[in-house]
Amino acid sequence: MKYMSEYRDPELAKKYLEEIKNTVSRPWSIMEVCGGQTHSLVKNGIIEMLPDKVTMIHGPGCPVCVTPLNLIDKAVYLAVEKGVILCSFGDMLRVPGSQKSLLEAKAEGADVRILYSPLEAVKIAEDNPHKEVVFFAVGFETTAPANALSVVHAHRRGVKNYSILASHVLVPPAIKAVIDDEESKIDGFLAAGHVCTIMGNTEYHPLSAAYKVPIVVTGFEPLDVLQGILMVIRQLEQSKSEVENQYARIVREEGNPDAQKVIDEVFEVRNQMWRGIGEIPESGYAVREKYADFDATKKYNVTIEEAPENPDCISGQIMKGIKKPFECSQFGKTCKPTNPLGAPMVSSEGACAAYYHFSGLVEA
Amino acid sequence: MKYMSEYRDPELAKKYLEEIKNTVSRPWSIMEVCGGQTHSLVKNGIIEMLPDKVTMIHGPGCPVCVTPLNLIDKAVYLAVEKGVILCSFGDMLRVPGSQKSLLEAKAEGADVRILYSPLEAVKIAEDNPHKEVVFFAVGFETTAPANALSVVHAHRRGVKNYSILASHVLVPPAIKAVIDDEESKIDGFLAAGHVCTIMGNTEYHPLSAAYKVPIVVTGFEPLDVLQGILMVIRQLEQSKSEVENQYARIVREEGNPDAQKVIDEVFEVRNQMWRGIGEIPESGYAVREKYADFDATKKYNVTIEEAPENPDCISGQIMKGIKKPFECSQFGKTCKPTNPLGAPMVSSEGACAAYYHFSGLVEA
Amino acid sequence: MPKLDFDVITLGHGSGGVLTNKLLDSGVFDLLSNDILDERHDGAFLELHGKTAFSTDSFLVSPIFFPGGNIGELAVNGTVNDLAMCGANPKYLSLSFIIEEGLPVKEFWDILVAVKFACQKAGVQIVTGDTKVVEKGKGDKIFVNTSGVGPIHPKAKISAKNIAVGDKIIISGNVASHGMAIMSVREGLEFDSEIQSDTTNLNHTILSLIEQFGENIHLLTDPTRGGVATVLKEIAQSSEIGIDLFQKDFPMDEQVASACELLGLDPLYVANEGLFLAFVSESEADSVLATLHEDENGKNARIIGTVVAEHPKQVIMESAIGGKRVISMLPGEQLPRIC
Amino acid sequence: MPKLDFDVITLGHGSGGVLTNKLLDSGVFDLLSNDILDERHDGAFLELHGKTAFSTDSFLVSPIFFPGGNIGELAVNGTVNDLAMCGANPKYLSLSFIIEEGLPVKEFWDILVAVKFACQKAGVQIVTGDTKVVEKGKGDKIFVNTSGVGPIHPKAKISAKNIAVGDKIIISGNVASHGMAIMSVREGLEFDSEIQSDTTNLNHTILSLIEQFGENIHLLTDPTRGGVATVLKEIAQSSEIGIDLFQKDFPMDEQVASACELLGLDPLYVANEGLFLAFVSESEADSVLATLHEDENGKNARIIGTVVAEHPKQVIMESAIGGKRVISMLPGEQLPRIC
Amino acid sequence: MCLAIPGKIKSIEIQYGGMVRMAKVSFGGITKEASLEMLPDADVDDYVLVHVGVAISKVNEEEAQKTFKYLEEIGELGELEDVDEYLPKSE
Amino acid sequence: MCLAIPGKIKSIEIQYGGMVRMAKVSFGGITKEASLEMLPDADVDDYVLVHVGVAISKVNEEEAQKTFKYLEEIGELGELEDVDEYLPKSE
């Protein structure tokens, strides 16, 4: 595919690796913020190919992984007890709630449907006028326009039986929280290219300046990631701390104003719980009062008691880059992708699952 | 079973047959009004065992067979278009509507359920508060108390999502219609024992007197039917025309007053369409205004165009005893139990089906 | 039952991946272990020599657990019996499950246990298998297919062509028990003493009959779906023979008869399991009957009819009171009647 | 298609009665006619001599008609191929349907036609069968079970025990085409030039390989459910061998690759049909490959990996850019991802 | 036929907070529930005729024997054996 | 990763009575619908990045080449072959 397979060229990759090797003079820890980058690093075997001095730290970059337990319990409740058609992206289905996952709810007979796009959910609502349809709207900034758009569509088309259960998380506050954690020692960041496609890069300049860290907005193909790493290392070696854009073919400095507009139309910023990490101020979106009819939390007014997280799971530390998955006592033992204790073991973007699948530390 | 298998004794049956043979002096045509009696005659091979001078004529005695086409279309409409849980007795499912039968609607995905009792339908309504439940309440007077009772139960228990699609037919007006038809020549009747169990025998005295026909209220076991036939023949031979009760172990002269009370509570007499026969005055029940909320015809206000009956089907003449099934040009050719053109081919109580199955006139 | 970390079967268990392997490795299938099955290849390696019978059936029954058995033993017995009806000695079975997601593993286990014991009793081995999982609402708890092979007994001469006028029709036991045991659960009937499905393997019974009576056994068939009436009508039609039946000779449990009365069903059309019909030479009929009476599976055996030259293709039954009626096939599903 | 007086399959067609007989006599099954099947007994009578393979599979696929085929040919090819993977010459198949009531007879007919042609192409006969009908909402249009038997080729020495270090792993064609052809319908993907399932019978291809290369073919397997990754990981684990794979060598259709990217699926875990993996002696690998390239079913064949002494039980894949990753089994169903 | 068969009341239960009187009725060894609302005076051990889950008549034991006696009564059957032979057997 | 991939707009259609602008987008031979509401100026033949059914960015062709030129640009790769070799091929 054009603008994709070209960025997988093995020879140029080799040259990037060589250049990284030639550039690095001392150990650096670099966090790739986005799970997609983690996936690319692991799937392509890049981590082992990097010089020892370069340590990649996997960030909190999997919106599925950080969706609060309580919200999953709510989604399960709506599907099982309220009998709604609960629509969701595929990766959300396996994430364990306190009682069960959506996949288990489905196995027990709940009408849980996997969709490619939230816009399809509005059609399902139109086609099932006697049923309630709820879309479990998770995601980073990247997905927020699509989720918001589904609400706008439903509103315009007068679809009354549609609502979203929103769990949006915002990247810059999370990066700030990671840097602020005293245990974490991260020298530079690969920022999430697709998040910046929507929001632009402006939010990163003050961060980079205040904390004196290089931040490179980076894509997801092997050459993207390698170039991003090289750009961070070059800054570090030169004691710079700037915001650079590796992914300029997609990301504009100002992001996508039309997308920002639809987000702002439907959502407002709020404090947000991150599973495994805790509450981060101003790091999520709530549906605006104006669209309260489409907000599943208000429409159904479900209160479900907060269940405790599994105490053995150190996913918070992992997502902040303080520990690596194999340092978790449960990794590969009681916690496996077929029976995840914590969210990072669920999606193949999750740091624990990525290690489990691709790095060969355990017997599958 | 007690009060059942005793009435199947082969030796006594033989003695009854002998006595019938000894009694009959000239040809007589006797109509067994009820399909259950037809079933018993055919299944036990009694017809062939009777002397040639005794001709049994099968009456309109299958409420399933005479349920109007339009009402079946309504039931199908409610199941398919309105998405109700449509409950019915098993024999109603195969009766052809103008487009399809309930069995075909079920095969296409409609929620059609076979019940043993209408009281179960009320429970289904309670268990499915978000669905509408309609019981297709067909039957003679025998079944009317149970159907009425289901309405009373639903009313008392506050079940709002239950209603009945009533199609009740009454036997005495039908007997009168049969006698009134100039083509029909019936000398005596076996009245339907279970109908009389509810209504008693009083309605038959004026009929018997006015038309000078013997009427014997008769049961359903082989000995019952044989005794009933003997009693009619004895009257005929003695030029009597009285009402006698062969089935006195079950039928009281006054019927069952409690059952009559619940019928009267829920239903009122109205003119009624009989499939294949036409409208017979005061021969059916409508749900009283008081229980209009439980009357599916009012609740859904469905109007479905009257579809024409299959013109080749002579079911009306068959049910009046004017013709025998094998005199129908379609019998066993285009019209079979697996593909009935008319209602009497559907239920095994139906005259055409009874002949088809048991008398060996066709290759199955 | 082995300790598992899952309680219900999910789609993943049929996906072919880790969970499928986990299910395969969980030990539940160890129940069925034998050298051939344990090879675990795409198929089984067998040794077969000469005339062999091969039969298949898919089993769907609701409820999957019913008085007297469950779908697991039904599936084993069904194919074992079909092979026996061919005059074969059933030896190797395949076992294929289509599970609706959400089936409790405990129920699956109970079914496997029933499979195991049914195999033991019949003396057959499960040598190859398959497990698939369908989404909730796209199946009905569990469907089971068994196929089987086995060598044909050298003395067996089973063929409808051998049926002759005068042949006696023997039924091996009570009619309608299996169908009514299942119907009783569906219709909420309670029985004073439980009506049980008589699902069982008939191969030992059949093979000893063949051993003893050889070519005097003309035809064997098990009147499962459609009941005794349908299967006899089929034979009359395809073999162009006439059959006379006698209602009074049909062995039937009194409770089963009552249940049929209550629901308005004709027991002759109710499905049977663990029951067979044998067309045998007139001369040997009484000996066959006597032999059957010694066998647990034949203790209620009766002669119910005769092959006649009159009315070819027709089955005619004399009612208990001596009248005659023609027997036709079941026109559709038997549905409980009111009228 | 024969003219029938019913348009859809109903419960009655599975009841064993008139309608079942009507369906059987309707002529639709005449398509499959052969001497053994036409006997219509409870099972088929076969002649088999010596080492025989026996395999079963139930097939459920949604949609039942997909680009490149339908469930009928899938079911025939599936069991034919499983037998071929055993080194057997597939000869006789059983065919068992579980139909959800409401299936248009036309669709059933189209499936039977596909069965017929798939049988013809593979050179096998359907010799025994079964048709059951379930209520609407208790099935998914149609499930098909096939079981099959066939004599094992005298030169075949197929066993995981024969795998040796140095063995080359050959894949017979493009990966993921079947799974993505089906996924494309489910997810509403449109293809510029249609992606087709490559379901086909592999027995002729396989048997000519065995004929030519005999015991140099160590293991054959078809990477259906779970995909290439899962089946290789299974073999590595159970045979305690190491496997090295090379991503760049995997043959894949470009559109299939794009569809995988779009839905976030890993083609190594996508189900295949009409595809096999062969473990062959290093010395003969190139000759096997050359032979395969002459065959329609092997024209895209490639060597994708090697059996190694290092890392026993592990499958390690070198990515296109030269990095390494460990291959594990599919953890559950592959679900389309967003992130 | 308005399928109805006779059975014996085994037990009686009041359901729905006194609204409905239901019986367990035994039919030759099988038991099924039936409403007694149409037969308020029916009691345990009575034989009742049940149609679609509702008991509609109590069997009259004396009348039940008349079918066996009828031929004798009409005087046409001199040599009729003892009628008792045909009477319902006690269980 | 917020899975998003680039594809080329083949055609544009106005749906829901002018409310929504939808594109058929081709991804290496497969076509899927995507909303253009976030890219009002996107046109046929443009390459757009699509995420969960919504096009969120137009690909900048010029910037797209920089990854291939970067090593050359930073002067560390004297003998770099002609950059064109790595550029997206025209279809």
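Before moving on, here are some points about what is shown:
Letters A, B, C, D, E and F name the chains as they come in the text, with residue numbers starting at 1 for each one.
By definition in this document, a residue touches a chain if its C-beta (ideal position, glycine included) is under 8 Å from a C-beta of that chain, and two chains touch if they have at least 3 such contacts.
Computed from a predicted model, the values in this text were never measured in an experiment.
Listed here as common contacts of chain C and chain D: A, B.
Ranked by distance of CA centroids from chain B, the top chain is F. The busiest chain interface, judged by C-beta pairs in contact, is C-D.
Across the assembly, the mean Cα position most removed from that of chain C is the one of F.
Averaging C-alpha coordinates per chain places the centre of chain E 84 Å away from that of chain F. A straight line joining the Cα centres of chain A and chain C is 56 Å long. Separation between the centroids of chain B and chain C, computed from CA atoms only, is 37 Å. Mean C-alpha positions place chain A and chain E at a centre distance of 73 Å. Counting partners per residue, chain D has 10-12, 18-19, 135, 137, 254, 257-258, 261, 264, 328-329, 331-332, 337-339 as the residues that reach two or more other chains.
Residues of chain B in contact with two or more other chains: 1, 4, 9, 35-36, 63, 89, 103, 116, 139-140, 143, 337-338, 349, 364. Those residues of chain F in touch with two or more other chains are numbered 1-3, 5, 27-28, 51-52.
Looking at which chains touch one another, you get A-C, A-D, A-F, B-C, B-D, B-E, C-D, C-E, D-F. Of all residues in chain C, only 187, 233, 248, 254, 257-258, 261, 263-264, 313-314, 316, 318-326, 328-329, 331-332, 335-339 touch chain B in the complex they form. On the chain C side of its complex with chain E, the touching residues are 184, 188-193, 195, 254-255, 257-259, 261-262, 264, 337-339. Here chain A touches chain D in the complex through residues 1, 4, 8-10, 13-14, 35-36, 42-49, 62-64, 89-91, 93-94, 103, 114, 116, 139-140, 143, 222, 336-338, 347-349, 356-360, 363-364, going by the rule given at the top.
Chain D makes touch with chain C in their complex at residues 10-12, 14-21, 40-60, 62, 81-83, 85-86, 88, 92, 94-98, 127-130, 132, 134-135, 137-140, 143, 145, 147-149, 152, 158, 160, 221-222, 224-227, 230, 234, 238, 269, 271, 328-334.
Only residues 1-8, 16, 19-20, 27-28, 35, 37-40, 47, 49, 51-54, 56-57, 59-61, 63-64, 66-68, 70-71, 74, 76-77, 80, 86-89, 91 of chain E touch chain B when the two sit together in their complex.
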